[in-house]
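You will see chain A twice below: alongside chain B first, and alongside chain C after that.
Coming up: the complex of A and B.
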């Protein structure tokens, strides 16, 4: 446990009676922290069901994290499962998605609840 | 603005080991300098993160405990200049990479100008320029 706001942390829980996984990440994702993020994504992929990825508390992410998100997204797409991402509109992470030209390829939501509803299949 | 007895825009240098944790160490170093000289912090932090990541992932195919990644920051008129130099083999494609090469395009997106050249000690030097005095 640390008070450093840059410290990466990941929360993992099953929601919707186990039909979906909610991963909540905060702090900063880069080369040094991405393996922990990838482990959570891999666990969700192995779990079955859909995934909501809450990045609203994430302060920073670079291409290391972007790569992990894209690989996971392609995996869920291939399996015909839903992956939804919550990221606030004015955050550096949202800007990263935009600059990378992949904003339109990912289901991005400004609010965590909307991403969760999409993942659970209760919203289109 | 001064930091201690030194001008805020005095050139800085930081040597880092070839380690994934060096990426996180580089960001506040460059971000704080950007703040002091009026350059866009978010852009600077992303660019330095990508440049140091490239060094760690690509420039040292063999483990090199003595390898050093050197960061330099200086101001020239209305420009902040950052340079990231490795003393390994420079920027080469990683055969084990995923092929999702976002690093340099992202650096291109957030800088006024950037370049990659051979360094005198053998590796590469990535130079990145940012405009001071405006928020992008």
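Coming up: the complex of A and C.
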């Protein structure tokens, strides 16, 4: 891990006694880093339970990252599991979601704690 | 005075001696190695022995009766008066060091012992014993000089500096009129002139470097490892016909090999205008200086070899880093050449074999910027001769590296294609070179040349091994990049093949443009299309499929074809996208595409569009106002279950222009998407009306050419 803000990194932890997974990503998601992101999402899907995706530190995401989020979101939806995303209101990622017309199809939260509470099922 | 009287006058006491004692003294005086003479109170010479004749050059007949003044150099005239004054006071002078004049006018260093001669109580004159101490003085001076030179040499860490000390300070100490030092090159078959002093440049023009077999004094001294001492120019010219073109103009010559522990480094030569006899002391002195210099040169060379080895290691390390960087072929080779001219060569070129078999110099670097231009011109005007038996083309043909330890003028002349070629080659002043092939997976891609114009940096097998290894690694890097480039080119070709020909339409002017991403990045899945459908509708499509490379391009082809079929069938945009979404769910891998589809009736100007996860198209009205067609957005096509695609209505007046694009045009790292759209809107507002001019101008105006993502643009003007 370097100080370069462009450097993609992904953090992965089990929360709420394993009922939910928290994935924190930062830096940039593009073709060079998307497979690492996809692997983390696949792992969370295989884990069972719900998923909170913290994207508040993400500076950039391209359409390959969008595709990964949408595919994952559909998988969780199909299984009746929750997937919540934390993304700040003014971030480029939020803009990508809105421009892509999927804002209302994803549970977006501007704070990480809200996304986590939603994923854990302790908030609506 | 008779000799007996002279002898009696010299006796320590003034007591008259008997005849036998007088004879005894006479014999002593006659046979003395020291000059013995006497003078009277008026400083007139009164006696003169044979040794005095040998020392001063005057015979007894010439000297006796003449004033002693004739022996005293004018600048010491006062000295004689002082000495005489002290003698007349009864003093004795011992080992008085001074100079005297010979008959021939030359000076001689002497020690004088002067005693008064008494007759009874009266001092009637003085006896003078003079010893020639020229050698002693010279020896002392030489010891000082040697000390100076040795310490001057000790201060030098570079061979050429040590050699400079030898030809300047050394020649001065030896009172030589000219000096040269020649060193054996790395082949040990040629002698290279390292430095010189006192000779004219013309005199040495033909002796910059010469074969060791030549019949030249230096070569003989090196070959036979013995010193040459000669004072006969005629004999020298006879013995060394190599000098005959410019016969020696000096009187004597000393040439000594520079030897350290049995290893000959070269030779030093000292020339003297005067014909000079080399006395044993002279020889010892010269030999000592030359030996000191040899040690210094040897030490400096070892030091330099270490430094050069360190430089090579550093170069290899940096080169390895450069090869590991994700750069294009051109950037990688450029970087290697720059590193090379910073550490191991003065000139570095990379030649690659083109598809048609021609050899192309892709990189030409020279450490000296002014010569870099010349090197480039040289390579352009005189490309490697493909049939040559040596050089770049030969290395590429044979796959074998070539080492040119020492590039001689004859070699340049032989390989020159014409006079101009030879002249430029001379001006570049290359003295040593290596050419290594660039071979990867059994194929020779080209060759890399390293050349030195520094006479002290000549290459050997170790250097060749180093750059040969570097060549292999560079070739592998090139090969990988070329494969990559080829795949990229294939994807671009496929992409372009999939992109449609735009139809000719009434009242609708069309232009489109596709810009692939830079070579370092994979080609994307952007596309555009224009589909006519009944009744008289024109459907504009711009799409972006997530994913890159040939696979993405071929999937994009399937999507474009399917969507075109739906639209041709008369589907509305929203229905066409729903159908496409269902089709994509059948694909083996999950696929996502963002699309902007607009269906226009050119007669009425009525249009419906769907923005499926795609950035908004822009509409510029006849009055210049620019609208972004954000409308009600729909999700991307492909990944979601049951997506709803919503149509938006819009009026397009004649004279309006529509601009559809993919996100490569507006997306920059660390720049907000909205900022990108705003910049595009501002640019579009003042861009040309004519669609072709518009698509030509927009990417450049936004600084979007050559970015990491590919770009598709579709411009439509309603007339």
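Throughout what follows, the second predicted complex is superposed on the first by the 124 of 124 C-alpha atoms of A that agree within 3 Å, B and C clash if a C-alpha of one lies under 4 Å from a C-alpha of the other, contacts with A are read in each partner's own complex, and residues count from 1 in each chain.
As a working rule, contacts are C-beta pairs under 8 Å (C-beta built on N, C-alpha and C of every residue); 3 or more make two chains touch, one makes a residue touch a chain.
Worth saying up front: this structure is predicted, and the values here are computed from it rather than measured.
Asks: Does the superposition put A:108 against chain B (first), chain C (second), both, or neither?
Replies: In the superposed model, A:108 contacts neither chain B nor chain C.
Asks: Examine A:86 and indicate which partner it touches, taking first as chain B and second as chain C; both and neither are also allowed.
Replies: neither
Asks: Quick one: chain B or chain C, who's touching more of chain A?
Replies: The partner making contact with more of chain A's residues is C.
Asks: Under the stated touch criterion, which partner chain does A:100 make contact with: chain B (first), chain C (second), both, or neither?
Replies: After superposing on A, A:100 lies in contact with both chain B and chain C.
Asks: A:64 contacts which: chain B (first), chain C (second), both, neither?
Replies: both
Asks: After the superposition on A, what does A:77 contact: first (chain B), second (chain C), both or neither?
Replies: So A:77 only meets chain C here.
Asks: Let me check the overlay on chain A: which residues of chain A are in contact with chain B and also with chain C?
Replies: On chain A, the overlap between the chain B and chain C contacts is residues 6, 28, 30-31, 60, 62-64, 66-67, 70-71, 92, 95-96, 99-100.
Asks: Across the complex, what residues on chain C touch chain A?
Replies: Interface residues on chain C, with respect to chain A: 521-522, 544, 546-548, 590-592, 594, 611-616, 630, 633-636, 638-641, 663, 667, 669-670, 672-674, 708-709.
Asks: For a test of understanding, state which residues of chain B touch chain A in their complex under the given definition.
Replies: 19-24, 27-28, 42, 45-46, 49-50, 53, 56-57, 98, 100, 102-103, 105-106, 109-110
Asks: Can you check the complex and tell me which residues of chain A touch chain B?
Replies: My answer: residues 6, 28, 30-33, 60, 62-64, 66-67, 70-71, 92, 95-96, 99-100.
Asks: Across the complex, what residues on chain A touch chain C?
Replies: Per the stated touch rule, the residues are 6, 28, 30-31, 59-60, 62-64, 66-67, 70-71, 73-74, 77-78, 92, 95-96, 98-102, 105.
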